[in-house]
Amino acid sequence: MGHYNMFAGRSAERLAALSDGVFAVAMTLLVLDLHAPAAEAVHSEADLLAALWLLAPRLLVYMLSFMTLGIFWVGQQTQLNFVTHSDRHLSWIHLAFLFTVTLMPFSTALMAEFIAYRAALVLYWLNILALGAIVFASWAYLERAGLLKPDVAPGIGKAVRRRVIVAQALYALGAALCAYSTLASLGFIVLVQLNYAVAPRIGLLQRL
Amino acid sequence: MGHYNMFAGRSAERLAALSDGVFAVAMTLLVLDLHAPAAEAVHSEADLLAALWLLAPRLLVYMLSFMTLGIFWVGQQTQLNFVTHSDRHLSWIHLAFLFTVTLMPFSTALMAEFIAYRAALVLYWLNILALGAIVFASWAYLERAGLLKPDVAPGIGKAVRRRVIVAQALYALGAALCAYSTLASLGFIVLVQLNYAVAPRIGLLQRL
Amino acid sequence: MGHYNMFAGRSAERLAALSDGVFAVAMTLLVLDLHAPAAEAVHSEADLLAALWLLAPRLLVYMLSFMTLGIFWVGQQTQLNFVTHSDRHLSWIHLAFLFTVTLMPFSTALMAEFIAYRAALVLYWLNILALGAIVFASWAYLERAGLLKPDVAPGIGKAVRRRVIVAQALYALGAALCAYSTLASLGFIVLVQLNYAVAPRIGLLQRL
Amino acid sequence: MGHYNMFAGRSAERLAALSDGVFAVAMTLLVLDLHAPAAEAVHSEADLLAALWLLAPRLLVYMLSFMTLGIFWVGQQTQLNFVTHSDRHLSWIHLAFLFTVTLMPFSTALMAEFIAYRAALVLYWLNILALGAIVFASWAYLERAGLLKPDVAPGIGKAVRRRVIVAQALYALGAALCAYSTLASLGFIVLVQLNYAVAPRIGLLQRL
């Protein structure tokens, strides 16, 4: 019969609303790891500044994860804007995507705590890889299932796929750098993210 | 007079928005139980991998609960899509539904902690049972109160009810397996959830 | 000049969306106080059941607060449904309302912890009183500022005001019972809430 | 090619929805720092009242931060109401804005803990400054990129810019007072916030 599956999960608006909610909570939870220093350890302005200074690497890792979530939020939104409606398969592809989003605070906390360990960095990269793979699969499904609006230009699918592949190649290159040093890895990934967030008008970078 | 009850709680859009918010928070809170290992216990890459490996069962339970919430999110959305507007009774049926959703992080944490105990598994199942019962009651109310859009095909109500009953029968069967072993119980429930999430095109499974 | 105040905060949709978000987070955070029992203290099914049984009062207080939030969510939604647009004053009235909503998890935790203390019960009641007072003020402002849709029947304002006043009188009566016993107080308030949530078709109760 | 950047991030509705989510979570998380007193330390009503009294400064700081978030929520909403659609640059400007919003619970907790330290107050002020600077940059970008609705009156841009500059000048003045006393600083900032929230009809204050 499978009848239920033919009319279930068709609202692209609710899929977008759930996604915005999950992204909003994940983005804000990231910061919960940023604790105010313990009052007992602080006896002067200098103590407080020193304690805050120790939080700086954690803040950087947090910014990085916020940027990652921002990039994938823009990416998902861009796809859903092109859709006439959803269906149950698309709903589940994006639920898998959101599951991967909710793992981000954990991967981030792990990397902030164990920044010198390759295992933490590789796990962080696997999280980004999973996000990219699902975004790629989502577009493939959209095209195959005929869920795209009729006025979507043919070049757009190519541009979406190209963006995901180039970005993931850069992330993989960044992750590979951890054979040399996890900090080099992290620095490279930050630069890639910054490029996608700021999108400078520089010929070579715009081609990425 | 009871006048207030005649014009209160009529926005199906706000009911959907509140639901998306509660689901989003509950889905993301589930992961808060996944803590990075303590830094003091980790002195090598092998230590870190071993500590992460210990988290694997917890991650599986978390995935299971995310799937459960996903299934009921799709189910609720499907119903609200068929509705012209809400009323105060429907609002309260869905508030009860959302209350049951918010208990999911607790039931999940309980099962992740006490996976070998039947009491934890039965409580988890009761949570799923309550979700199913309210979804069932919601559809019955929709039909009785005439809140359905006029173009809803007559077969849809039958399909919705059939889906809920078959699913709950399978969950009950899974829960009953705990007389034999809680792990067998859990494994069976995971398979049922996977079937509903992935919806493979296999004749027998599609009939469920 | 005050020019900014004339065009700021006019979106009733965003006010509703922010409210749904705050309610969703507050409703879900309430449950965070429900911790799984410590694994060390549990050595048998009987131990686990006993530990869960100790959580029952906490669960009841949580249900009570969820109902309170549900009642005020329905109340606020009902008002915003009648509005053509918002303005900055209405935005701030509802921001004050949302502030009071965010205090609910704290008041609830306090009462769950100190159920035998009058101070905890009175604080909880003050929280409900503040919610009611702002809902009342909001409607008064809506009428005065001419933000209501033209097709809102004249009797509706009267019904809204009547509902708030009767409910608050009952809550105040419940709170006053704490001179006798805090549990009597709590029980009475639970009954009032249940009446508003379930809305039984009983003549006398429908008049409340 | 840069093609992707031309069609990415165009939904102003999803930007608003994500923002409402982040604001809702940040506003509600602020209150998590308000813990019920430890049960062991309370043996009488007087003990409980005394313990609650100690929470009063924390509640005030929390109210202040809620007001700050409210002011910037109204400010952002006002801008997005004037927009025909978003684009990827605007999306990233507002993601930076939301990042700054998520830092607010941390800055608030820091100031509540270290109210006598200038470093905590200056950091809090820097958070407000960053929010104001991004709101200012957002409007500048809106005008430059031609994203404003055609019916937006020319005086509105001037009013928006004036509001941000006057408010930030007052906040800077307040922060500067910490050379004298952090409490004077805090008191002054509270008065500025109250003025923007309540918007009294007093000639001089309306000109701010």
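So that you can tell them apart, the chains are marked A, B, C and D in the order they are listed, and the count of residues begins at 1 in each.
Keep this in mind: a contact is a pair of C-beta atoms (placed from the backbone, for glycine too) under 8 Å apart; a residue touches a chain by one contact, two chains touch by 3 or more.
Here the structure is a predicted model, which means the values were calculated and not measured.
S.K.: Counting C-beta pairs in contact, which comes out ahead: B-C or A-C?
M.R.: Spelling it out, more C-beta pairs touch across B-C than across the other pair.
S.K.: Note whether the interface between chain A and chain D is symmetric in residue numbering, meaning over half of all numbers used appear on both sides, and answer same or different.
M.R.: Result for this pair: different.
S.K.: How many Å are there between the centre of chain A and the centre of chain C, using C-alpha atoms for each centre?
M.R.: 36
S.K.: From the C-alpha centre of chain B to that of chain C, how far is it in Å?
M.R.: Chain centres of chain B and chain C, defined by C-alpha means, are spaced 25 Å apart.
S.K.: Could you list which residues of chain C touch at least two other chains?
M.R.: 17, 20-21, 24-25, 29
S.K.: Chain C touches which residues of chain B in the complex?
M.R.: 1-5, 7-11, 14, 17-18, 20-22, 24-26, 29, 88-89, 91-92, 95, 98-99, 102-103, 105-106, 109-110, 113-114, 117-120, 123
S.K.: If we count contacts the way the header does, which residues on chain C are in touch with chain A in the complex?
M.R.: The contact residues of chain C facing chain A are 21, 24-25.
S.K.: Within the complex, which stretch of chain D touches chain C?
M.R.: 16-17, 20-21, 23-25, 27-32, 34-37, 39, 42, 45, 48-49, 52, 63, 66, 70, 73-75, 77-78, 80-81, 155-156, 159-160, 162-163, 197-199, 206-207
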